[in-house]
Structure formats: C-alpha cells, structure tokens
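Which chain is which? They are A, B, C, D and E, in the order written, and residues in each are numbered from 1.
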Amino acid sequence: MQTNIIYHLKNIRHYYEKTAVLDIDELDITKGSITGLIGSNGSGKTTLLKLLAFALRPTHGDIFYKGKKEVCFSPSVRSKVTLLTQTPYLLKRTVFENIVYGLNIRKDKTNIEERVKTALLNVGLDYQRFALRKWHQLSGGEAQRVAMAARLILKPEVLLLDEPVANVDSQSAKLIRKATLNARDQWGATLVVASHDLQWLYSISDRQLSVSNGNIFATGFENIIQGPFEKTDKSIVIKKLKDGQVITLKKPKKVSNTAIIKKNHLFFNLEEPINKSLDNQLSGQVVSMLLGEKSGHVLININIQDLPFTIRLVPDQVSRLELYPGKKVILKFSSADVEWT
Amino acid sequence: QAENKSLMMATTTSTDGTGLLDYLIPYFTKETGIELKWTATGTGKALALGQNCDVDVLLVHAPPAEAKYIKNGYGKDRRQIMYNDFVIIGPKEDPAAIKGKKISDALAEIRNKKAVFVSRGDDSGTHKKEKLLWKSTDKPMPDKESWYLQVGKGMQATINVCENKKGYTMTDRGSYIKYQSQKDNNAPLTILVEGDGILLNQYSVITLDPDNCPNAKYELALKFSSWMASKNAQNLIKDFRLLKQKLFIPNAE
Amino acid sequence: MDYLVEGFTKAIDLLINGDASTWTAIWATLKVSTCSMALSLGAGLPCGFLIGYFDFKGKRHLRTLVDTLLSLPTVFIGLIVYAFITHRGPLGEFEFLFTLTGIAIGQTILAFPIITALTATTVESIDKELKLTLVSLGAGKRNILITCLWEVRYGILAAAVTAYGRVMTEVGISMMVGGNIKYHTRTITTAIALETNKGQFADGIALGLVLILIAFIVNLSLSFLRKQ
Amino acid sequence: MQTNIIYHLKNIRHYYEKTAVLDIDELDITKGSITGLIGSNGSGKTTLLKLLAFALRPTHGDIFYKGKKEVCFSPSVRSKVTLLTQTPYLLKRTVFENIVYGLNIRKDKTNIEERVKTALLNVGLDYQRFALRKWHQLSGGEAQRVAMAARLILKPEVLLLDEPVANVDSQSAKLIRKATLNARDQWGATLVVASHDLQWLYSISDRQLSVSNGNIFATGFENIIQGPFEKTDKSIVIKKLKDGQVITLKKPKKVSNTAIIKKNHLFFNLEEPINKSLDNQLSGQVVSMLLGEKSGHVLININIQDLPFTIRLVPDQVSRLELYPGKKVILKFSSADVEWT
Amino acid sequence: MDYLVEGFTKAIDLLINGDASTWTAIWATLKVSTCSMALSLGAGLPCGFLIGYFDFKGKRHLRTLVDTLLSLPTVFIGLIVYAFITHRGPLGEFEFLFTLTGIAIGQTILAFPIITALTATTVESIDKELKLTLVSLGAGKRNILITCLWEVRYGILAAAVTAYGRVMTEVGISMMVGGNIKYHTRTITTAIALETNKGQFADGIALGLVLILIAFIVNLSLSFLRKQ
C-alpha cells in the first residue's frame, strides 16, 4: 500500500515574499493516478505543480517522492518528473530540436525520428509540416502542443500538466486527453493536471482536488461558497445574493471564508423530500449539462444568481428529472451540512 | 646555443626613432653572432628595467642619472660611445628674438617675453638636460607658468605641439632633422640656438652590475659595449646619415 | 613587486594631500569622460535601437560594420581627429587641438560604436509580443523607443558601463589630441603613461588606483539603478 | 448603412514566408457588433486579429477602416484600435503602471487611480492586493486579466481579444464577458473575439465566424467536416468513420477539403420525418448541452465517433425531445445539403 | 589632413609588398589576441553565467566590482603583470617578460571583466520560464549552462566582439610587458604608437587601417553566426 504512494506532502507552506500562497497539511498522490487540480486564478495550482516538479523549494515542509525526501536536482527525481509549464517556453530552435532536447539530455539516441513523429502525432501535429519550423513560426495552440509533445516523448514517471489545453482547440484537446490516458496505461505514468476546462479535466482525472486560496480539499467538484459572510446571531452566518435570496450556513468553528457543500447534500425540488430540514431553498437555472466521458456521469451546472453549483447524476436520473439547460430549478440543502475549511 | 647568444637592451626613443640601431645592429650581429633585441622607452624606464635585471645592457643619454645609477651599484663600467647635440628651435618669426644668443640669455628672453616654451616634461635625458639649462639661468625652474607647457611625450610629439603652439623647444638635432624632413624642408620651426658646449648630448653604454643582476648576460654585454667603442663601429656611427645629415659624433676613447 | 605596495601608500597620499597636478588631472578626466559619455549615449542609443528593432536588408552588414568600429585603435582615432582639428586642418579655426573638447570629440568616436553595438544586441532580444503590445496600445514611435529601452534597461546600463570603462582608460586620444599638457590637458591615464615611461612605476600604480577608485564610485552609484 | 460598417477587408491574402495562412475575399464588420472567431489551432485567428489591429501588414489586399484605407501607425487608427494578444505581455513594471501605460501615451491624466480601480474591478482583481505587484508576481490568469484591464481602461473604439479567457477561471470569465458586453453598450465599442471556449464565445458574440485554414465563413457554429474524403463515383465523395459508419456528400464543384452542413439541415431521429431524402443517418451520443446565455438557445453537442456536431434548439424543444447528455441519438441530413468552401 | 590619404595608399602598399616587420607585427597581434580571447572566454563565460543566473546576496556588489574592473587602465594592468613577471618578481623564472605570452596574460586580465559583465547581464535577461522548463526537462547543471548560453548566443557574441575590439586595440600592456621589440613582441598597435611618436603619422594611419581590416575580416566571419 505504502509502496504505491508516489508523492507525500507534509505540512507544506509556501510564501512568496511575505504572502502565503500554499498551505497543505498533508497530501498523498498514488502511483498511476490522474489527479485534477481545480481552482480559481491565484489559488495556488501552478505553485503546487512547481513544488511537485521540485523546481521550487517550499518555504516550509517536506515533499517525499516514493517515500524518500527529495529536493531540486537530486538525480532520483531529475529525469523522472517533468512539468509542462503554464506558458510553455520553446527553445530558440526548430520544433524537432525542441522535442528531442530532453532525449539528448538523457543521452537517448535510439530511432529519434520515429519517436518525434509519434510524439507530434499524439498532439495532432504533422511531422512534415512542423518538424523543421522555427520556434517562432507557430500559432499559440501549436506551440502549446509542441511543448506537450516534448514532455510526452520522455515517457516520464510523473507528468505534471499546467493548463495543457488552454489555447488548444477541442479536437486537439481530445487528442491530448487520449495521450494523457495513454501515458498512464502504457507506462504507468502518474499525472497531475491543472485546468480551468472543468469538462475536459473531469473527463480525464479519476480524482479532483480543489485548490482554494492555498488550501486543498481532496474532494473535486464540490460546491464552494466564498465569503464575505454576514454574521447574524451566534449560531449562523448568511450570504445575501443580488436578487435578495439568502444562503444560511452554520457558523464555522475557527474563522473561515470558504464554505463547502458536498454534492450528496444537495437536492432538487423535483426530488421526493426526505426527513431533513432543508432550510436553504434557492431558485436557479440549469446552464449546462456535461457528460463525464470516463465515468458516464452527467455534470449539471446550476447558477443561483452568479453562484455556480454542480451536481453529479447518472444519465437516466437526468432524463427522469427532465432537466435541460435553461430549466428553472430549486436547490435545497441544510445549513447544517456545510463544511468549513 | 643561440638562446644565450641573444642580448636584451633598453635604450632611449631617440636612438631607435632616428633609425640608428636599425642601421647599426645588423653589423654587430654579423660580426659577433650575438642577436640584440632592444626596447625603446624613456631614459627613466630604461634605467628601471636595468635595475630590475629585465635587460642585459643599456644605451642611454643622461650622464647625471647614469652616475647616480652606477653609484647605487646597479650598473658597471659606463662607456661613452657618441654624442649629438641639442638645439633650441622656434618659429621663423622668432617672437622672443633669441636667434644666435647664448643659451642662458635665450631662455631668459623667453621667460621675460612669456613666449610659449614646450618642455618634454618626461624626465627623459632631453628633459633632464633642459632642466639643467634652466638652472643655468639662475632663476627658479618654471612650472605652472602659463607659457611653459610640459607635454610629457616623445621628442617628435613635443616638436609637434611646439609647432602648433608656435612656441620654442629644446630638441636633439636628430629629432629635428627627422621633423624637418617630414615637412620637406620648409618647416615652420627652425634652429635658433646651437653649438653651445653645454648643449652636448652624451650617449653611453652601461652594463649591469653582475652583483646586482647575476642572471644578466654580463659577458655579452661587455662584448657589445666594446664593439660599440671599436674603430669599426665608431666609423659606422660617423657615417650614419639621416637625410644626408650627420647625426651622431662618435667619441669613444 | 614592492612598488605595488609603495604605489598603494602613494595613492592614499595623493588623495589626502594630493598636489595640484593630480587634482587637475582627475578633474580633466571627469570632465572629458562625462562629456563624451553624454554625447555617445545621445547618439548611440537611438542608432542602436533602430538597428536592433527593425528588420531591413543589409542589417547584418551594418552590424558587421559597427562591430568592426569596436576595433578602432585609440591612437588611430587620435590621428584622424588631429588631422581635422590641427591648425592646418579643415576645423583648425575652432582651436580644438590640445583642449579637453578635442579629447571629448575623440572619445565620443571611441564610445559610440560600443553603445550602438551593445544597444542593438539588447534591443534585438526584445520579445516580439512587446512590439505587438506597444503598437496595439497605440504607442507612437517615440513611446516605442523609450519604452523598449526601458524594458531592457539593464542591458543599456551594461553598454554604458562598458563604454565608460573604455573612455576612462584610453590613452591614445588624450595623448594625440590633448597633448598631455600638465595642468591643462593631462588626464589620469596620460599621467600614468608618463610616470611609467619615467620609470616611476609606483606613481603609475598610485594614479591607476585613483582612477579605479573613481570608476568604483561611479559604478557604485549606478548599481542602485540595478534590480534589487 | 455604409457608415456603420467599421471594417471592410478586400481580397486579403497573408503569407508567412511562402505559406499562405489567410485568404479572405471580402469581410465586413459592423460598428458596435461583437464578432466571435472560431477555428482550430493554426487556422489563422491570431493573424486576422493582428491585421485588424494594423499591427501586421497583409501580403496582399487592403483593409478599410470606416471607409478609409488605413495602415500601421496612421493616427486615425493608432489610439482607436487595441488588441489583447494571445500571450499577454506585461511591461516590467507594477500592475498599476501597466494599466495606465496606454493612458499616459494618450496624455490622459484625469483621476487615474479611480479608473484603475474600476478597470481592475472589471476583471475581478482587488486594487489593494494587486495594484503595486510587480509584473512577475502574478499567476497566469491574473496576468491575463491585468492585460485585459489595461485594454478596457482605454475605452477603445475597437477591442480585439485573442483568447481572453484562456487560463482564466470561470468566475472571471463571467466578469470578462460582462466587461466585454459593457464595452459595447457603454461606449459602443466594436469587438472581435477569438476563443476556443465555444460556450463562452457563444454567450457574448452576436455573430460567429469560423476560420478554417485561412478561409472564413460568416456562419458560426455550423458543422464542419474536414477531409480527407474518398471519391467513389463522379457525383459523391464519402468519409469513413472508425466504427464503419459512412458519411456521403455531394461532390464539390472546385476541389475542397472542407464540407459544411448548416444546422437547419440537421435532423434528429426523434423528430417527425419530412419529405426529403435524408440519406445520411449517423448514430451518435449527446455529450453536452449548453445554455446560450444571450440568445436563450441551447447548444447541443453530439459526437458521431469523434466527429463533433452541434445543433441549436430552444429549451422547450430540448425538453420535448427529452435529450440529455449520454443519450444515444441518430442524426440525419441529406448529402445534397452539403456546402463546400 | 593629407597624411590620411597618404596613409591609405601606404596601407595598400604594406599589404601588397609589406616588409617583414609589418607581417611579424600582424602575426604577433593575431596570435596574442586569439590566445587571450580563448582564455578570457573560457574563464569569463562560466563566471558571467553564475553571476547572472543565480540570485545570491551580495550579487549586486559583485556586479559593481566587475563593472569597476572594466575601468582597469591597460598601462596599470601592464604594471601589475610586469611586477609579477619581472626577473625580480615571483614569476620571474618563467621569463614571460618581453614575450607574447606575457602580453596574452595581461590582455586576458583586460578582456575577462568585459566578457563576465556582459555575459552576466545577458544571462540575467533570460526568461524565468526557460529556467523552469530546463529543470523540468531534467537538465543537469551543465546542460543548463550550455543551453542558456546558447539561448542568448547573440548577447554572448556581442560580449566576445566587444572584448575582442578591446584586446586588439590596447597598447599599454603590449608596451609595458612586450617591450615593443621589433620582429618579436611588436604588435600592430605598438607599431602605430611608435610611428606616431616618430611623427610618421601616415605610417600610423596605414597600420591602423591594416588592423581595422583584420578586425573586419574577423567580424565578417562571425556575422554568419548571426540571425539571418
């Protein structure tokens, strides 16, 4: 069991100058898993990925790789972990040279050309058209995909992807998804992927972590309500929405500005009531319904005003509830079911 | 072997600049089989090089300094080889009217008239001589006076400044001839004072004191100094012409 | 060997109770180098920018030319300038010969290619995105010039410092054009050359140290422009 | 009428070195409109936007701005048209200085601070936290949004946005959407926006242009089938899908590799048949359903194998058809209804 | 003025049927400058990289120091080197005095700070993303050094060219350490100085032109490394 935990983070705190940006008490990542990182801008995804890539040293705390505490440049991680940075940097060389760079470092010279061909193919680029292009002769998405190819060709143990499909068209996104899954299935790579394209991320990751200003909850696609909240009496806090609707929540023990409501605590008006006081009844609208291609679940995004909620159902549930985008619905949940970070 | 058959000499710019060495040394090498290299600098640096044993022999022209040098035990057996003479040159118009005067009077005139006088000001043999001459006017050495320009350069450069400043200066004849030749003999500066005994400019060869510099090639140095004094060499010096004019008068005993 | 030590003490002595000649030399050096730096920067930065920023045919040849000018020997420059400002020369009437102005002119010619070449290289390294951004924000030609130079300010600073070092330490021009006239056009470097020629190595070292001290002070004040 | 056409492109051909990347015979953009650019990577969106920004001179052809032929740096466009580049470049200064840079150029000094505050607010950044940050102290999405703010504050006549929401979280994407619409409504800005986030793009643009290797069709969200196609007999061409299904299409007049099928020519099996030979009957699956927030339409994405099709319905149509993500459907269309570019 | 023209013709003459002394001077110049460039690049590039790439406390002060070394007068360097290699000096027995080796040593000291300072500045301008990318691709320290320098190759080239110009044109070191010995340690620049001292301005110009021609050829061949 222990053996197949590849990353173990302990009491990680990271500061830029004085500002804390990451605060992780404990985090395990199992071998061969695909972890999705979700979080608003500036929540700390990139920072976390840099830490995992050992490209940045945490201000406090240790990162264990395969049970051993590792740091920058230690040979046991150097050529095993690779990171696709958020804004990929291409060396001032041809596409071909960019892709083989990592191989050259590893002194790996076996049928390069073939492998470059396949690497490019995996990201949907044609060898003939692109191999000899200069680094600056690419479009945004093409550059992004070349960078991706340069990582895939290394067949690394750990593949860290920071926004791999930003600037990438939907077709290519599919390809990258395929390549990603392929990496896991073919050589058992462990992947950590940060993306704002929830549908895409949901379609590749078997576990989602939401990052919210430096904190991590090992529970993806939960519904996060950010403060500010107003205190009324000792026991509860409330958040007023623009249209006058009010969300009531049980007061947090320690001060906190981030409330979480688990999916399974959310109910539709259409569902049969259950023995529980669902004191929050919020009317909203279904904005989108996405099929999670791996799980076969359907993700249903509902806006209460501009507060987004997500519920996960199986297709026939959906059809039973007769949901469709644009449909008005009422969401219910109990103020007691809130969890605070 | 050839290595220790080669001799290093420090000399003054005038001997090199006039081309005397280029003319003379091949004969020396031919006759003695000794290769001679030389570096041409100011007299002061030449002596310093000798003092540090970086050269084997010196050919310089600053008798007082030389005496002191030998007294300090850096040099040995100084041998007079030849002399040329210094002249005072100035604009044809001769504003200070010093033409034909005795040297001391001439300088006095220049001082009174505040006529521009350009000095080497580089402690070279020539400069030392010039200072000597000013002393002979029993007035304090000029320094900050606006008409007294100390340029701290080689002779030609100094003459050059002098021409541009329309001033007077003291130079060795060789350098003047060379300068004249460049102006194809209608130079704005002409010789105004010459032939005074005090104006003689004695060149001597000095070998380094082996006690001070054991590594210096004393034997070869002696060979050189005696060759320079030899009939043959003296004649060569006598016959040396720069633009059809005698430059150096051999006077080795 | 020992004259190094001696030179050190002498340097301190010079600075504490330095004689007039030293101070005038220092002063002359400062005046001349400042002036020539101002001129060469004024001319070199725009030229460097134009060469570096725009793509035009013959660009590479122009670069080669400028790079070649980096190898202009100071004595050579001195001779050229002299030819123009000597009394016989076309600019004779201005009487620049044996003046600090004359030296400054020569040193400007010396520093100009350095500023230009290094500026061009730095500007060439500017990100294409920046150019695009500036244009799309409505920057005019002048804005672009200034902003770009500011974006690569550290490169420009390096160019300036390098040129300054060259100007501070050159001898050939000061000798030829200035004439190394004591109390007038004698700079520290010509003084060093002179002392060395005299065999007064210690004094040479001393003056050298003074020069370096000046350079150090200048660079120290510049270093506060650096990234903290 | 003529007066409210702000851009008129005529016979634009653009080449990088020898390769043609843009080929537009004619294109008009009306004042105050919001145009969306859709297209796969390398299709030419960025190039087009650069041309519209007069930051790039087309190899051939002319661009007329308000009826006048304009070029780079001509004062009548310089301070009126502004472009948000795909990978935003921040000047090596503080966020504040970055945002006011454009104003300084315009010698505009009136209550700067207020305007910066609102500009930052419009992209969801807090003045206190960010104004004094250095350019490199920002996360990817924050940088993107700062760049956006620097454009918005100029209140330009024309705002060209290249992937404004790549790297941006969904909340901020909403804000940027609001700001974009606001720009049009407040000071009548004309916008051209390129994005791969179709839902987002659809939610802001009143007209979509698809760019496909250099060609432009003034018809958004149509279904584009890219070649290669196999010729069978003179009259038709076919495309075989992996699972053996076959698409048959009327042969193009001139050679072409891009087929278009208009939405209104697509039909569901569930719909009542109409008097027309729908010789293509392709079985696929609904993958997502998105509510077009402006139009109130629902976009339904269907995958026939990995060939994406899009249909646009009104919500109650959807509910009548009982569509939901994961539902198997049959798409029908007539091979005669194809259009070739 | 006229000696400029004369110098030009003389230069051509020198090159066509140049006398032995000219050729030896050219040869000496090439040997010495090549050697000192090789040494200073070998030492300066890594130093410059380390200073530029890493952030460490005291970095700014180190930069200031290096920048100050840009202002080392050549005569001063000459004196220092002389102090060590004179027969009386600690390195006396190697007999470097009045040899090209001696000059090369001095010129290396001259070029080193230029290479270092300019390399450091260029490397500092490297994109943070590059560093991250290299590390994440598993590049070792050596890979990083080489790749980074290659990424900023044009900046490095500029540094080299600038240093080369400095080395080619310096007089002080060659004079002091080399001794300007005809057929042995006379370089083109010392020859120019000598001719000028003799008042043979035309010859000075001629030799200067020869030097510039050499520099031109070198830069021309380098220019093919430039971005096309």
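General observations
Keep this in mind: a contact is a pair of C-beta atoms (placed from the backbone, for glycine too) under 8 Å apart; a residue touches a chain by one contact, two chains touch by 3 or more.
Bear in mind the structure is a predicted one, so any value in this text is a computation, not a measurement.
Shared contact partners of subunit A and subunit B, listed by label: E.
Each chain gets a centre from the mean of its Cα atoms; for subunit A and subunit C, those two points are 56 Å apart.
Centre-to-centre separation of subunit B and subunit D, using mean CA positions: 88 Å.
Contact of a single residue of subunit B with at least two other chains is seen at positions 153, 157. Shared interface positions of subunit E, defined as residues touching 2 or more other chains, are 86, 88, 196. Across the assembly, subunit A contributes residues 87 that each touch 2 or more other chains.
Working note: touching chain pairs come out as A-D, A-E, B-C, B-E, C-D, C-E. Listing the residues of subunit C that touch subunit B in their complex gives 20, 86-87, 97-98, 175, 179-184, 186, 190-191, 194, 196-201.
On subunit D, the positions that touch subunit C within their shared complex are 50, 53-55, 72-73, 78-85, 87-89, 91-92, 101-102, 105-106, 150-151, 154, 160. Interface of subunit A with subunit D (complex): residues 16, 39-42, 46, 86-87, 137-142, 145, 162-163, 166-174, 196-199, 285-291, 293, 296, 298, 306, 308, 315, 318-319, 322-327.
Residues 1, 3-4, 7, 60-61, 63-64, 67-68, 70-76, 78-80, 82-84, 86, 88-90, 114, 117-118, 121-122, 124-125, 152, 154-155, 157-158, 161-162, 164-166, 168-169, 171-172, 176, 188-189, 192-193, 196, 201, 204-205, 208, 211-212, 214-216, 219-220, 222-223, 226-228 of subunit E are the ones touching subunit C in the complex. On the side of subunit B, the complex with subunit E involves touching residues 8, 13, 16-17, 22, 37-40, 52-54, 153-154, 156-157, 159-160, 178-179, 182, 213, 215.
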